[in-house]
Structures are given as structure tokens and as C-alpha cells.
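Shown next, in C-alpha cells, is the structure this report addresses.
So that you can tell them apart, the chains are marked A, B, C and D in the order they are listed, and the count of residues begins at 1 in each.
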Amino acid sequence: MTKPNVTRIAHGVLYVTDLAASRRFYVDLLGLNVLHETEGALYLRGVEDREWTLKLERAPQAGVKHLAYRVHDEADLDALVALAEAQGLPYRWEEELDRPRLLRMQDPFGVPVAFYARPVTHPWLLQEYHLHRGPGIVRVDHVNVMTPNVKGMVDWYGDELGFRLSEYTEDDQGRMWAAWIQRRGSVHDLALTNGRGPRLHHFAFWMPDAMSIIRTCDILAGARQPESIERGPGRHGISNAFFLYIRDPDGHRIELYTNDYVTVDPDFQPIRWSLNDPRRQTLWGAKTPRSWFEEGSVMEAFGGGWVGERESDLEGLPVHVI
Amino acid sequence: MTKPNVTRIAHGVLYVTDLAASRRFYVDLLGLNVLHETEGALYLRGVEDREWTLKLERAPQAGVKHLAYRVHDEADLDALVALAEAQGLPYRWEEELDRPRLLRMQDPFGVPVAFYARPVTHPWLLQEYHLHRGPGIVRVDHVNVMTPNVKGMVDWYGDELGFRLSEYTEDDQGRMWAAWIQRRGSVHDLALTNGRGPRLHHFAFWMPDAMSIIRTCDILAGARQPESIERGPGRHGISNAFFLYIRDPDGHRIELYTNDYVTVDPDFQPIRWSLNDPRRQTLWGAKTPRSWFEEGSVMEAFGGGWVGERESDLEGLPVHVI
Amino acid sequence: MTKPNVTRIAHGVLYVTDLAASRRFYVDLLGLNVLHETEGALYLRGVEDREWTLKLERAPQAGVKHLAYRVHDEADLDALVALAEAQGLPYRWEEELDRPRLLRMQDPFGVPVAFYARPVTHPWLLQEYHLHRGPGIVRVDHVNVMTPNVKGMVDWYGDELGFRLSEYTEDDQGRMWAAWIQRRGSVHDLALTNGRGPRLHHFAFWMPDAMSIIRTCDILAGARQPESIERGPGRHGISNAFFLYIRDPDGHRIELYTNDYVTVDPDFQPIRWSLNDPRRQTLWGAKTPRSWFEEGSVMEAFGGGWVGERESDLEGLPVHVI
Amino acid sequence: MTKPNVTRIAHGVLYVTDLAASRRFYVDLLGLNVLHETEGALYLRGVEDREWTLKLERAPQAGVKHLAYRVHDEADLDALVALAEAQGLPYRWEEELDRPRLLRMQDPFGVPVAFYARPVTHPWLLQEYHLHRGPGIVRVDHVNVMTPNVKGMVDWYGDELGFRLSEYTEDDQGRMWAAWIQRRGSVHDLALTNGRGPRLHHFAFWMPDAMSIIRTCDILAGARQPESIERGPGRHGISNAFFLYIRDPDGHRIELYTNDYVTVDPDFQPIRWSLNDPRRQTLWGAKTPRSWFEEGSVMEAFGGGWVGERESDLEGLPVHVI
């Protein structure tokens, strides 16, 4: 069986309860570009994106509809169907704006994922600098999923979809608490964080530089909503990225992220961090708020409703929590 | 006779021929805030300004209506009237929006200047970061006047108005080609450049940092008008500022400027630059376009029409011209 | 009696217990320039300083020897002596490297202050960019003193030395908890913070931009001493500055500070902040660690030993403390 | 025949005539890290590089010894040998520090290239921020070769080594004047520029952000060698990168480069630029100095001496030259 060739993380679809409030947050303050707008949904993108990368869909309850990856071509979708059949994973074909053929699956860990090969693309805004708004968000970078089975997900995404490990957190018993895995030569397309799950921990955008992240803080402060700033700005030990975590009006967590490194070398050795190394979370020593470890967005089940969540056997928070 | 106590450069009033085009340039691209708007004029300011600092007034021909300074209080206006009377300088009282008592004078070198003490002020936008647009222009910083009599102007503004010299350019014969003079402890409120004049060489705004100047270049490029960028970005030797010169739709030259230094110390020694030291113009060695040395905005005469211009006895361009 | 004309805050002399450790912190990591070095002291400056602005003097216990202001000329020193005589304040003449005539006084609140007119100056390093080290600290900006008598100090420094109020924090009963006062047209030369005192809350340097402050965090993290980072980076509501507070090996607090605003206008209205407005401390909503409110450096008494400290009648911490 | 799997551009070896002068430039000013040093050579790297990426070797005349690519594993070296045999390209095995098995070839266009699979790696300096020097150069990014046969090189590197086209410049007759080709999902590992050749046009490093490039200009200016700055800083139309071109003491051209975009998508459409579109060279409209089009570094022939150069049939400079 040919292994599907996954290109990269491609989009997220989030359910939001108040589309007007979401618009104020994502468009008026964060400056994301509205590629399409319907009565019930906003299709957003950064200035480098040639397709929408974040869809906000109005719903009675906030949650994650699915997280989608691009694959190399249509044959890879067939390979994914074969994988789903072989492993008894639920799947179906869906239609989505600009993605005429979207394969919706449930991974073995309950995460609603989707795959597509050829989207309708649109001229980017990269060099339309006069149209950039807010801090100038560039492109989708990665997603982070909370799961009670980090090691299991790393193995499955590695074995079946060819994801490679960049960094990971391990305790003294060799148990994996978190992992960063990738397909496109960056630090990660997908991060996995130990915890009750599956839930979405965050959806992340690439930023032009650290100053644009500082400007985001100022913009949120100017709009009198500093409570949207959950954690940061700071410098991650893991990934080396300059980061900021913010919460949207429904509590979905968005990371603004820049300055990581390249992982294309075949001899790249995954970086191991000890669970109790405080440099892991941030090089600067700032404590992480408890909410960051405990809260996440629920995920839609394949047949409707929300995926049942399971607690993790790995209990306890790292030491550096406020 | 009490010497008038001048506080700082305060505003410029420029005649423009196409107010809509000016609006696109100054408001849509540069992001200046419109404090007032009338059928014939735009009153603009940066995010730190509590009053308008640049007025654009529609007129059949582009030029400079006047350059205005704030004085400490009303008594200083009386002192200025006494000075005008003593020296036979033309003056009159004018009314201007938010400046109920504006003293319009002509300095001995033909420059249309104005003075006022107490403007109507408005809440600033400094911490309304969500309302900042474009590169986030901060405040008026200085003006630069071309004149065939740099030394005469330095002496008069020093003797009569208390301006102090920060830096100057001199040739081997000890003749002054350019000077930077100040009242508020910065490098300059007023710069004087040798050349046919009097003309306005440029009007300058303070920027939050060098990156905001880089963003201005990108914004003008995005709008497909790179020809608005006349010189820079670069690092001045004089003033140490990071700078950019742009030209508005009427050809008025605007400098975006940041990162100079403090001059409040009474033992501050004016910095002398040799005319042929290329570090003077820019530390990085880039050549200066000829237009930058030759072009400027005409100035309104006291009785109407334009001030007669005189060629300078100091002829020739510095060596580092394109 | 002529009022002394104070120019600006000029230098601090701190006692440190391990000069080698201080050197690693201030020189190797922060990149301050060593203007002079003796067996028992380091004389440091930023790249714009033409004289040393921070002296570290080896002593058995850490503390503050004095905080010094420049005055306009020698006659102002005489005026200060007259003031000391009139008010019964202790004073004496001291000699200090590059300051041949230093007037050491004790202000009425127990703060060891000094004044001088004409220092020996040295070529600055402003344009010697190839010699800048670390984050490129620019110049001394201000000092902050903890005192149980903020209002008293504001009045005395205002009445006797001509300091002007920029911003202040007040509770519902109209009691002043903190104040920012200035002589040079910036937000402050001297800040006053309510608390047990007199103690030095912090000594502050001006930075070239926000990114240089981010780099400082990275440098301290690289050197494996994130515990030196006490608070920030962040954006103050008061002063609008981008800030970082760090602690030196003796616990002296240093602020790195940039992006405040100009206060030269005579009609500038001091900005009032309510004590319980969290935007005051930081626009971004980050909580302030308790140590920042409680810890400070002891100050040397005029006759030797440490100044006796007094608790403040204004008790309690603001609400936004970790 | 299996196609060799090239990972990315990996290193350059440049001949320099004065190793001490090169050290001052690359190490003292640009802050590159010296990984190894021998009597006759310096092995340099950026803070993210785990191996040396620029070797400077003392020689009687300046030139390029070779440009090297990493391949996926040793089998790819065998595939390259097979390619060389099949096409009659000269090759030999060489030893180089930290690269025990280096395949030196001559491509069909006379360019001295080398390939290797597994280097000896070293701990990176990415998070040793206290050890970063100068502007903080990050990693090797790409090389640019001048050739009279741009189209031929694009075809050969594409057909034989799997390089993909990102952007290209074409005239009205459909002739390719320049091309950017890549293996690792960035804009380019290798750029090809029309002109007499083969010669090295430049060797490029990735920078942390645009401000670090501005700091490079200041550092070179501080060291009184602005003549090292040949072109920029500016914003490329092609690649969207913020760039600076500098010349080392032997005239080798180094580009400092940041802020391009990601090209991993299989449906990425190469961007075509018209030869006479000035936005191609720079979005900001600055003219390019003639030297940038005309000068390059000679390349070593396989059997010693320099590769014979050929003029291009495509004659004439673009219009926007100083």
C-alpha cells in the first residue's frame, strides 16, 4: 500500500457562536484577509496564503469542525481511503468552498481531520503591502492537539503519514508528554500536547517578525481587550520561536509564531527536552498560566456531536505554572 | 526687550492642488489621522500629536503657506510683535482652526513663519493602537528650509529666538553650508540647507522605529508608487537618524525620521562636519539623488504671491550625488 | 533666592559586592561600555553617553551611594548650597572621577543626591556601531525612588528644583501613590513610587527600540540566567514605554526603556491614572510580580550607614499582582 | 537510473587572498562563528548551522573552489557518480574537514560543484544568544551563479537533480534571463543570472529579520567601510525578500536575506517577471549599481586554473541601473 504523501497543514474550520464578534477579532484587530464571506461563515487567510486557511462557521456551540492537510495529488487521497478502509477509520467525501474534493476522516485518536489535493487558489497579498492590516499575519503555520496519547499519535502519524519528529518532551520514565512533528521541513505542522482530549490546543499563524507580535499586543490593548492575551510574548525553548498566545471571543486559542528553524536535513536529530526543564516552555523564565495547560476546543465527532474525551494517564502540571 | 520663548516647531500649512490625491497619500498610505476636514482642507496629525500638525489646503499652485512654532505663552507673542516692529518685519494676526490667535510674520530671510501659544488640543491616539494606520507616524519633528544664507539664519534664529546649534556643515573656508538648530532638546526644530531660496526642503515626522520606515517603503511599493520614494532608507551621519525622504503628489518632500539623540546639556558642543565628508549625508555611503539637492517647495510672500528666491553664492553639489 | 536650574538625571553610583559578577552582567551581557576601570570600581555608559552614567563601586554591602543630577552651570551649585543652608539639609563637596566638583546633599526625604555642572566628557560611541555590544544600551533615562511620601517629594522637587509632573497615580481619596516628574522634556528624570523608603526602585536606560529589549531577554536566557528577568517585556500604560525590568547580581533593579513621548509643551496636562486601573502598570494585562512592589536598594545615609526607612501609610498592593 | 535526491545548498568554499582581512570582515564585523581554524583556512557558520557552511581558504587569487549540496544519503552520491559517468562529467572524491566523503564534480556548465551526505555536525548556537555577534547571521540560504545559459542550467538542474522553479525573468521573446530554483521548499537553493560565466554572483545567508540587516549596514559604517555595501537594503520583487548585498575584501559578494516565502505546494506556479519590470529587482524603485550586474567571482576548473568564461548572447542591462 502506497503511503499518502502529505504536503503540509492547510486549514482549520472552527465553529464560532457570534460571527460578528469573531469578525471584529480576526479581521478588524488581527487584520486577516476575508477571502470569502457567506451568511454563516468567514473564510480567512494571511498575506502569503493563496487559499483560505481559517474558516469560521457559525454554530450554536464553539468547537472544531476539522483540521485539514494538503496532499500531493489526487492519488494520495485514494491512498488515504485505502488506509481508512484497512484500519476501519470512518471517512466520507465532503465539498467545501474552493476544495471540490475534500476527504473527511477521523484519525484513530478521534481527531476530525480532512485532506485535499488541489484547491482553487487566489492571488496572494504578499506584496500588496498597502492592503496589509493589523500586524500583518503571514500564513498558517501549524496546529496543536491535546491528547492523552501523545506517543500513539506520534507513531501513527509517523508510520502512516510520514511525519518526522522535530522535538519532544519526555519525563524520567521515558514517557512522551509532548511532540512536534512535520512534513514540510519546518519545526511542525502538528504538535501534540499531553492532556484530556482530543481537543484543539491552538491554531497557529506565521508572523513576519517579532515586532509584529509586539504590535499585536498593542493592538489588543488599544482595543481594551488585554484579556485576549493569554501567554507571552516570549521565546520558546522548543522550536526557538518568538510566540504569543491569544484567545478569540469563543475561547479558541491562536498562536502567533515566528523565527523557528529548518528541519529538512535527513540527519536531523530530534531534540529531547526533560519535562522539568523550564527552558522548554520559555527561555525567559516566565510562568505559564494554568489555563494554557487545561483549556482547549472540543472537536466534532464523525457522526455529529462532540468527540468523547479521555483523561491522560500522565497527570500533573509542569512546575512553572502561575 | 524680552526674548520670545519658543517651545518647538509646531505645524506646517502646505498648499496642495488635488486634495483627494493628497488624502490618498497622507491618509490612506501614510496613515496620518484626520483631525478635521473641511471642503478645502485636511488637518492631519500623528498618533502622539494632541493638535493638528500638518494642514493641507487646496490651492491652484502647490507651495508653503507658513511654518509655525509654539511659544511658551501669550506674552511671548507680544515679544515677537515687538521684535517685528523693531526690525521692520511684516506681521499680522490670523485665525486658524484650533489656533484662535496666530501671529503670522515674515522672517528677515523671507520665510513665512507663524507663532501661537495655546492651541485647542484633542485626546491623542498614542495608546489607541488599534486605530493606528499605515506605518504609525508619531509626531511632527522638524522642518528644513533651503536658503542662500544659512549662516545669517543661524545667527538670527539664535540671537532673536534662542535657537541652539546642534550640528553644521562647513567648507574649508569656514563657510556654513547647512545647520541644525533646536529649541526643545532634540537635534533640530529647524534645519537650514544651502541653496536657492527660501524654499521648504522638507517637513519631517518622527517615527516609532526604523522598521516602521521600512514598512513605509513597502506600503508605497504595494500601492505601485515607488517613485514617491526619493532617498533612503538610510542612516544619516548628521543627527544619526534613520531616515526616508518621500515626495507627495505635489512634490512636497516629507522626511520620516527616528533615532536621533538628546541635546539638553548646556555643555553640548555642536558637531562640525566637513562639506566633503560623505558620512555627513549618510553613514552607509549611498549616493543622494540630484533632486534632493535641487528641488523644494515655494513659499508664500507676506502680501500674497510667492517669495522671491535668490541663488546662493555657495555653488556646487557635494561629491556624492547620483 | 534663585532657583537652581537642574538639567537632567545624570548618573547613579551603586555599591556592589562582587565586581567581577557585576562586570559579567553589565558589560559581558548588557554590553555597557567601560569608560574607566579601577581596582574597586567600574565606570559604565551607553553608546550616546559622553560621560559615565553608572558607577559600580565595590563594597561589603549592596546599596545606593547617590543619584546625581546635572545642573546648568556652577552658579546653580551655589543656589543648591543656599537651598541646603536655608532648609538645614546636609551637604558637602566631593570629588569623583570626571566630576571635579560634585555637591553631595541629602534631600528632605533621605535620598542621597548629588549635583554637578561640568563633567569631563569623552567621545561618544553612538556611530561606532561596530563597537556596540549586547543589546546596544543608549543612555541613562531616569531613576525611580520608593518613598512613603510621594506627594511630599513631588512638591519639594517641583517647588525647589522646578520638576514638572508628567503622570501620576491617585486613589479615590485623592492620595498620590506614584508620580513621574521631569526637567528635560521627557516623561521623567525621576519617578516616585509609594512604599517603604527611601529606597531605589530602579535605574533606567534608554534603548534603541523594542527589539533591542527582546534581544536582552534572549541574551540573558542564552547565558542561562532567566531569573535576572523580573518583569516584562511589556508596554506601560504610564509613559507608554516598552519596558523590561531585570535584576543585577546584587538585586539592583535595572529598567530598559524606550518609546515614551515628549513633554515640552507648557500646556501639557499631567495624566492621572486611577490606582486600580490595571492599564496603568501594563497595557497588555500581564500581572506584576510581588517582588517588583516590595524590593528595592537601600540608600547610604549622609554620615555613613544606611538611611533609616519608613513604612508608607498607604498600604496594600494594587490588584494585578501575581 | 535513480535520480539523486538533493537536500539543499550546503556550503561554499571561497579562495581569499588575505585571511586576516577576511577574518575581520566575516568574523569581527559580520559575527560569523569560527567552527574550525587552520593556518590556511577559516570554517564559518551562522547560529543555526550545525556544520560549517562557508570556508575561506587562503590562495594567491580570489575565486570559488566549489559550491556544495547535501544529498539525502550515500546512495545518492552513487547516483551522482552514475550521472557523471553517463554524461561524461568530470568527478573525483575529495576529503574535507567534517565531510569525509565529498564528491567533487563539474556540472555541464563549468560550475565546480560538490555533494556529500553525512557531515560531522556540531551543537548549534541558535539559543546561545549571549554568544551571537554582529547582526546574528542565521544560516546558509542560497547561492547565485552567473551564466550565459540560464535556461540550460534550469533544465539540467531540474531534469537531473529535481530542482523546481520558483520564479524567473523572461524577455518578450520568451528568453529566460534569470531563474530561482529550489529543493527544500524555500524560494531558492540556487539562483541563475544571465551574464558572462560561469561565475559566482553571490553567496547568501539567512538573517533573523530586516532590522538585523539594517544593523549590518550600521556596523559596516561604524567600521568606516561603507564601500562594502554594494546594494540595498531593499525589498526584492522576486522572492519578496528584504536584502542587502555586501562585498568582502576580495570582492566576493555576500547577500544577507530574509522574509521570503514557502514553496512546498505541488501546485505552486512559478512566478514570471518581465525583464523590464523594475519591480522585479526591487519593489522600492532604487536603481541597481552596474557592478552588481557585471562583477562576479571566478570559478576553479576541475583540473586546476579557472573555468573559461563565455559571454552571454543576451546582451544589455535592464533599464534601472545607476
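To be clear about the criterion, a residue touches a chain if its C-beta (ideal position, glycine included) is under 8 Å from a C-beta of that chain, and two chains touch if they have at least 3 such contacts.
Listed by chain with UniProt protein names: A, B, C, D = 3,4-dihydroxyphenylacetate 2,3-dioxygenase.
These numbers were taken from a predicted model, which means no experiment stands behind them.
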| item | value |
| --- | --- |
| Reference subunit A; chain at largest CA-centroid distance | B |
| Pair sharing more residue contacts (C-beta pairs) when A-D is set against C-D | A-D |
| Whole-Å gap between the CA centroids of subunit A and subunit C | 44 |
| Interchain centroid distance [CA atoms averaged], subunit C/subunit D, Å | 49 |
| Inter-centroid spacing, subunit D versus subunit A (mean Cα positions, whole Å) | 34 |
| Interface hub residues of subunit A, defined as touching at least two other chains | 127, 209-211, 218, 220-222, 283 |
| Subunit C-touching residues of subunit A, taken from the complex the two chains share | 210-211, 214, 217-218, 220-222, 226-227, 229, 233-235, 242, 278-279, 282-287, 322 |
| Residue numbers on subunit B that touch subunit A, as the complex places them | 28-29, 127-132, 209, 211, 215, 218-223 |
| Sites on subunit D touched by subunit A in the complex | 7-8, 48, 50, 70, 72-73, 118-119, 121, 126-127, 139, 184-185, 208-211, 237, 240, 259, 261-262, 264-267, 283 |
